[in-house]
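First the structure, in the form of structure tokens, and then the observations on it.
In order of appearance the chains are A, B and C, and numbering begins at 1 in each one.
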Amino acid sequence: MNWEVVIGLEIHTQLSTKSKLFSGAAVGFGAEPNTQTTLVDLGMPGALPVFNKEALRMAVMFGHAINAEIGMTSVFARKNYFYPDLPKGYQTSQMDHPIVGKGYLDVTLDDGTTSRVGITRAHLEEDAGKSLHEDFHGMTGIDLNRSSTPLLEIVSEPDIRSAKEAVAYVKMIHSIVTYLGICDGNMAEGSMRCDINLSLRPKGQKEYGTRTEIKNVNSFRFIEKAIYTEIERQSDILEDGGKIVQETRLYDPEKNETRSMRSKEDANDYRYFPCPDLLPIELTEAYVEEIRQTLPELPSQKAARFQSEYKLSEYDAHVLSSSRAMADYFETANKQVKDAKLTANWVMGELSKTLNQEQLEIAQSTVSAEAFGELLIRIKDNTINGKTAKDVFQAMWLGEGSADQIIDAKGLKQVTDTGAIESMIQTILDANQAQVEQYRAADEDKQKKMIGFFVGQVMKASQGKANPGIVNPILAKMLKG
Amino acid sequence: MSIDKQDVQKIAHLARLALTEADAEQYQQSLSSVLSLVEQMQSVNTDGIEPLSNPLEMTQRLRDDVVTEDNRRDDFLVNAPQTEAGLFLVPKVID
Amino acid sequence: MFDQSISTLAAQLRNKDISSVELTRYFLDRITKLDPQLNSYITLSEDVALKQAAHADTQIQNGNASLLTGIPIAHKDLFCTAGTLTTCGSKMLNNFVPPYESTVTSRLQNAGAVMLGKTNMDEFAMGSSNENSYYGAVKNPWNLDTVPGGSSGGSAAAVAAGLAIAATGTDTGGSIRQPASFCGITGLKPTYGRVSRFGMIAYASSLDQAGPMAKSAEDCAHLMQAMAGFDDKDSTSSETPNDDYLSNLNAPLSGLKIGLPKEYFGEGLDAGVADVIMAAVKEFENLGAEVKEISLPNLNLSIPSYYVIAPSEASSNLSRFDGVRFGHRCEDPKDLLDMYMRSRAEGFGQEVQKRIMVGTYALSEGYYDAYYLKAQKIRRLIKQDFTNALQEVDVIMGPVAPTTAFGLGSKTNDPVAMYLEDIYTLSVNLAGIPAMSIPAGFANKMPVGLQIMGNYFAEAKLLNVAHQYQQNTDWHRQTPDMAKGA
């Protein structure tokens, strides 16, 4: 049968506040167990929560970024269940009145098409602690450092129809929250985690099928792979006439499979009710507007500006604006180069390729945007050609110096002296009489193919330093005889 | 309003309270009588009345985002039934 | 000496007629001798008390004393006290020594008060007789066969028997006023949000409020001066500025408008209690007050509304007692679920387990609207009753409880009858207004409390009304015989 996949995502983004959502404990990754906890985060008797102003500001910022209704009155509710990493026996979250209401994102896929993904809501909640399963005499250790860390849970509509679209959506959310500076986006440290709700239905059917929820997937690649394996699992069951069980599943990247999490199944009567230790958050129009004014340029706005200001293609503009760091790198470099197409090609080409090979983020590039710009200027002013520039870039990457230092040290300057080029060409033509005869006898189409041979010979003779822009017309003229 | 013994066990499980059969029987009676007591609410018309969660109907105060608390792990761990390496220990958690 | 007022003792301390260490030792001795009859204390904090008393004496010596400096008081055992066992009347916390201090106890300590110990209470403040304590029932000093009321029964009995000058209590549905009434002392439940809940072990967060329990309104005012006021550690703490609770005590009552809700004088009210209340009202008329009948039509609904809201909040508040980070853990749990189920079943008493289950049920899927939401809507009706009435009158008066203290064990088998005892107190907590109980006479040889209710943040007014009454009567100066035995 032809199945249609229906996906909705819940993305937990950790807000980058200094202190916790409800206490004055520090937030941070990698501290010694239970050293970043107060009586509030430990759920001690008599402890009371007080709400962090900055978390509110960040949530409202996000709401603006996804064109959402802001909840002018939002309410914290308790989600009650027992788990050792949940110290109070309830998670303080938001239910009926979230801080961010309905919004949407227009997601651009790699093939350039755009689709709109509805966002149901985004709400503030506290994170739980961590269970450490290393063996403590057959027991589990509980570290509550993460307890009460502020999260914004972003819930999408079931509008997503493929793994690619899901990844594009998550990347877009990632780029927005990092643009806004409200999340460090570090997925390896759990700053962004994704729950995937997935079901299949026969193409053309309106009703949704039974869905499963895959919990806590924490990389773009795993999201894609988890979706593929879950689609396969569900379609295998359905093809065999079986039924999907509504359940929570876990993605195991090592085995590339999802498996049922039985332990969380029996506790799904969460008994939500408004938290009596916290009061409704009331916002004023003035506050909401003030935050709107502080919004930075967002990825989609930046992409549009890159198209109009730099005349870049839609694709280039989209790729360059997908991360704030890359966009900033591009603009800084281009400030000197003043050739957006050239700068864009090099940022998306050689620079990105090298970063990928080294598995580094652009912020970790050993070549600064300024130094990179200086290199591109040398292409633009014909000091070196593109091929040489790649070698210079690799040398810069290894820390051998600035573009000019490397060009000088290695004597890579292009030959642009027409007299020298003419005599070099004459030598080559003399040495290859037979080919010259053939060329002259051939028709125009054939000549176009044959000229490459002579260009190659010239480049070889000049050790790549001859400027192709000067070589080509002279060569064509001299071949004519 | 009355509930049966199975309901009692279900509620007790949600609340994580181990009940013996005899306990369940006893709670079945006492819970049923409390539920009958609260049943009289249902005769009141409350259409259009907003629920009241906080008597003063105040709004949430906001705390500045500053770290105000030091690490007092050792003070807190003292009260825990079982700890090791700065962690609280519990019977094995199976995901 | 045990029946002296705070201001008299403060003067004696300042005049060096007595030192705080002597005064503290005197009370510690009394407790050692008399409390075995009452069981009003769970923990006697002798070392802390003597250290604080010595410090108080230095303060007095240096002229840095406030009126509370060196005054020995007791705390209900649900206020977390750093370094001192805090049990909340439960087996669950029978080894819990908090590393932090509640705002209430810390403010009283900063004002110089000396902590004698922690008083007995119904487990997790759930009860009206103090029979639900893991540490045993408390007895009423006026008649050792009767209950002191609850849940702040230990505090009430200790103050009535002269085992502390004053004590702290908490009131979620009457837990300060009803024991104050049963033991013949003065107790104030402040406006919700007036006194910080930080460090107070929660029963029902939207109803709980701490307040003073003492011999007189004036002594309560002294405690309120220190206890009350905004606390940034409690989101529900009010930023409304504090009144000066002492400066208004002597304002005359002429023209005071008193409302008597007819629903407080209907079926179920003991005739002896009714007589005492009416006599007290008469006394207020003599003092120049005007009395009129009013109506609080939804009074009856306060019982069901309370017995949904309080257990619901409690079921969630008490989830943190799971045997992981503090408190009781069962022996040899066979797995995680077994640890939860047995630790909680062993650590909590029956009444607590029952209320947890009622609350769990009321919040569970499919029942939320019919129970919790409905109860909150009725809560608004009850609040409206009070705000309407308080537009017509300055204060509302009535009985605190339908009867005087009942016999130990007489109601333990009929919990619903016990719940009905709270009819006159619950609505005040649901509305969040302040209310007092003051001694107004005796019926059946047992003390009867008069309840005075007022508008939001009208604590100073209530204390003034109570103080004027106490200036003209001596019901609050009565002492049970057992207290004279030492």
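In this section, a contact is a pair of C-beta atoms (placed from the backbone, for glycine too) under 8 Å apart; a residue touches a chain by one contact, two chains touch by 3 or more.
Predicted, not measured: the structure shown is a model, and the values here were computed from it.
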Chain located farthest away, centre of subunit A as origin (C-alpha): C
Chain whose Cα centroid lies nearest the overall Cα centroid: B
Between subunit C and subunit B, distance of the C-alpha-averaged centres to the nearest whole Å: 23
Euclidean distance of C-alpha centroids - subunit A vs subunit C, Å: 58
Rounded Å distance between subunit A and subunit B, as computed from the means of their C-alpha atoms: 41
Multi-chain contact sites of subunit A, meaning residues that touch two or more partners: 39, 42, 44, 50-51, 82, 84, 142, 269, 271, 276, 278-279
Subunit B, residues touching no fewer than two other chains: 13-14, 16, 53-54, 58, 60-61, 63, 72, 76, 82, 88, 90-93
Residue numbers of subunit C (touch at least two other chains): 96, 98-99, 206, 232, 235-236, 315, 319, 322, 324-326, 336, 340, 360, 364
Of all residues in subunit A, those that touch subunit B in their complex: 17-19, 23-26, 32-39, 42, 44, 50-56, 82, 84, 131-133, 136, 138-144, 250, 261, 263-264, 266-267, 269, 271, 274, 276, 278-282
Interfacial residue positions of subunit A with respect to subunit C in the complex: 39, 42-51, 78, 80, 82, 84, 87-90, 142, 269, 271-273, 276-279
Partner subunit A, residues of subunit B touching it in the complex: 13-14, 16, 53-54, 58-69, 71-73, 76-77, 82, 84-95
List of subunit C residues in touch with subunit A within their complex: 79-80, 86, 88, 93, 96, 98-100, 102, 197-202, 204-206, 232-236, 312-313, 315-316, 318-322, 324-326, 336, 340, 360, 363-365, 368, 372
Subunit B residues within the subunit C interface of the complex: 3, 7-8, 11-19, 27, 30-31, 33-35, 37-42, 44, 46, 49-56, 58, 60-61, 63, 72, 75-76, 78-82, 88, 90-93
